[in-house]
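Dumping the structure here so I can ask a few things about it.
Note that the chains are named A, B and C in the order they appear, and that numbering of residues resets to 1 at the start of each chain.
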């Protein structure tokens, strides 16, 4: 294409943007013909290949190693190992602590993911409208995600500490009934864990949703306002469907990540303190591998986490089918 | 059909304004909005405030009870100690290099991978995309032993490139999936029209898809950078010499010294996050802003 | 690197041909993809050694304090001047990081030449041949110069497998000013009953709490071991089986229940370093297990007028109803040399350690954190220059206490209630795992029956640690 041709393309594109409103979810059938072309398919594969190769080269060996190790009993420091087949798994199935840690991981995942999504969408909506200081607030809203985990958790431990914490101190002064003064002890530390996880991770939801909001044509909203739709109706009928693709993947990612998260609960207990209050499945896995020093059992536990996550993801994909490109 | 309403934006604006002019509802709506904005601000900033204030308190005051909101005695010892007695700047540079390189590569590879997933069709496309998510289904801490064995045999230990590669491999799955979601939201017929007009796929990608998906690309690059910036696991497994350590590994050591200086840790926290916050605030204007979609006014 | 140059050459050729138009886009993309896959899948060739004779050794220690790192940097630089073909990479890290790194390094068959290890680690490693004896090195350094109480823990079947880098003894730290305020004399304490009788007078929440304990499992396990020992009992019997349901152990659990009301409410979440800050700032009246490093915390966090041993005192460890003598913990982290490391690295490591323990170098190390890192040589504690260090002068009562514990002999490394425990290879795993901590939490916070909880802990230890160890 000549230079003049590219300029024409720009003009053409700018002229088309007005037409996005009515057509934006209809994909004409002409697309299929263009794509069912083996040459195109090969190019498509080649474009995907570098990413997949890079990811798999790092992941495959550790995954297989772990799956294999789960069938053995091996002390973490020693060289020798002995085959035990499914013994590790059978032990875990009968282990009350395994079930307890699974239960805690479930609560943590569901509660923190759901609340991160709610806070994230709310934050994105707040940051979407124009107001003075909006850019500043957008930077601030990203801040919790930016703090290195160990410092964030340590700061929260300090804020909630029973001897020095400013938050229990203020709650005390305000005489709010029913507030524990030992937030970080066994009974209530899970609440602190969930709360600080929301604080740390909601920006991920917020910024991704905000980015998507920015690409929704405002004409959709203008048209709706002309029709007399209220704010809530606009949200339900315009915003949410537009957000669907991004939200689906964000919920999936946050869910997976919260279920497999180790460092946040581990560091909050500063190394498994507070008894079994936050001994989630990843923490319990770590304890078997690095405190009981049984690598085989640790591998078996991580394989169970893997299977559980895989099941969850499969169910998720079945419930929310994707693929709207065709 | 491509319906060209003449300047619908101005029209709706006039309609909307005439409805709201001079109404009390406007004021209370604004009040509510500003309360929400303030709430968001306080929620995010309070721990930052505490970190910053703690970094300039004198050590004894750090643990004062009742806690002090404003330092009674100012002390910048933590900062001078941070820069003079620790290798903070070395760690900072290492983090910038590894995270920057990783982000750059992830965006390039992730964009073309997402483009492939949404604008091409081939067998097994969805399956391969889902295979990428495998990377996230284990608690990463359990993978450190085999990861080290693999990295060591590939000669990637004690190298910033090795660390970057590990960041790239672990960020690509979510980068590809999120960019895919953004690309999915773009109407295909824009590119189609361009193709009909004689544009190549590459031109379609560069002039249509990328600009329109730019907010998503920017969001993904932000998160790739932050995840790499904050990573502790890979850097600690792959690096064992001090001059190659990244910030999280260096900061982790602060928690294990003979006498832990909590003020120093807070100062490190401030130094690690405040510059990043300033950068993102400054760049906001140019980044999270779509073409023709600057946000709903009001 | 081989891979890079093939890839680089291929890329350049490809781009050149594309620009010239001799291959079309399709071929270009195919070749590009092929090259990328090829480059990504070839293992990168490891860097060649810089010179055949150069030896690089890794020495991992657990002292990441900046002043100690600076001292080690000087020492390794001086060593390099004497031995230009040996490069020593000295790295400091926290204990949890050390254990993780050692695990990965051992699994990959690339251990450091030498690292620190707790006494229980030396026991289990020497039993499996992971570390090798270092008698020749110790003799060269001067075996007779070392405190016998330090050296005794590294000896297995007549050979020495480790050498302590610096030692310490823990103590019960207490605020002299609070004792005065309460009108009590802690120095007269002998038994647990004395201790419990005075404890309420030291407990004035929210100003300060009577006692502090860490809630981290390996600390909880250690406290229990100290109390069982003070009650005349042991964690293990002669065969190494756990006896947590013995009357002495149950007595120790009972003591924990009795002191719980005097602990800060969220004690189960506290890490031990926080407690040292709390001690320094006066939020707790006692720290059950404090170490010499508390002096550093006091110097940093306590009000300037209170930074002295008159305010921050060492109070007596007391004995239980079935005990005869109190027990303290002996901090005994050893340098150990790994069998799997190449021979020239091991020899280089031993040469370095001989250099390290020379007075001019070793004192640099010990002086980097003066009261915390104590010299292993008897003569240093008689040397006016060593003792004349200002911090050591100021905290002299603490140093005297440490020497006294060595001389009394009732100071044992982690998890040991009796010198015989030293030979049990699995006490390390018991100490780091949360089994005993779970038992304590069940009894103390959930009110479960102690005997039942103890029996369950015995069962878990036997099934999950001992039986697996025996098979390994």
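Everything below uses one rule, namely that a residue touches a chain if its C-beta (ideal position, glycine included) is under 8 Å from a C-beta of that chain, and two chains touch if they have at least 3 such contacts.
Nothing here was measured: the structure is a model prediction, and the numbers come from that model.
Novice: Considering only mean CA positions as chain centres, point out the chain farthest from chain B.
Specialist: Checked the centroid distances; the maximum from chain B is C.
Novice: Quick check: more C-beta contact pairs in B-C or A-C?
Specialist: Contact tally favours A-C.
Novice: Report the inter-chain centroid distance for chain A and chain B in whole angstrom, where each centroid is the mean of the CA atoms.
Specialist: Here chain A and chain B have centroids separated by 13 Å.
Novice: Averaging only over C-alpha atoms, locate the centres of chain A and chain C and give their separation in whole Å.
Specialist: About 36 Å, centre to centre.
Novice: Could you pull out the residues of chain A that touch at least 2 other chains?
Specialist: In chain A, residues 42-43, 50, 54, 57, 163-164, 295 touch at least two other chains, as defined above.
Novice: Return the residues of chain B touching two or more other chains; collapse runs of consecutive numbers into ranges.
Specialist: 63-65, 145, 149, 252, 255, 262
Novice: Listing for chain C: what residues touch at least two other chains?
Specialist: 100, 103, 107, 278, 283
Novice: Please give the residue numbers of chain A that touch chain C in the complex, ascending.
Specialist: The contact residues of chain A facing chain C are 39, 42-43, 46, 49-50, 53-54, 57, 73-82, 157, 161-164, 180-186, 189, 269-277, 287, 290-295.
Novice: Considering the complex alone, what residue numbers of chain B touch chain C?
Specialist: The contact residues of chain B facing chain C are 59-60, 62-65, 85-86, 144-145, 148-149, 152-156, 236-237, 240-242, 252-253, 255-262.
Novice: Across the complex, what residues on chain C touch chain B?
Specialist: 43-47, 58, 62-69, 89, 91-95, 97, 100-101, 103-105, 107-108, 110, 206, 273, 277-278, 280-281, 283, 293, 296-297, 299-304, 369, 372-373
Novice: Applying the document's contact rule, which stretches of chain C touch chain A when the two form their complex?
Specialist: 26, 29-30, 32-33, 36-37, 40-41, 96, 99-100, 102-103, 106-107, 124-125, 128, 130, 209, 214-218, 264-271, 274, 278, 283-284, 428-429, 432-434, 437-438, 441, 445, 464-465, 468-469, 471-472
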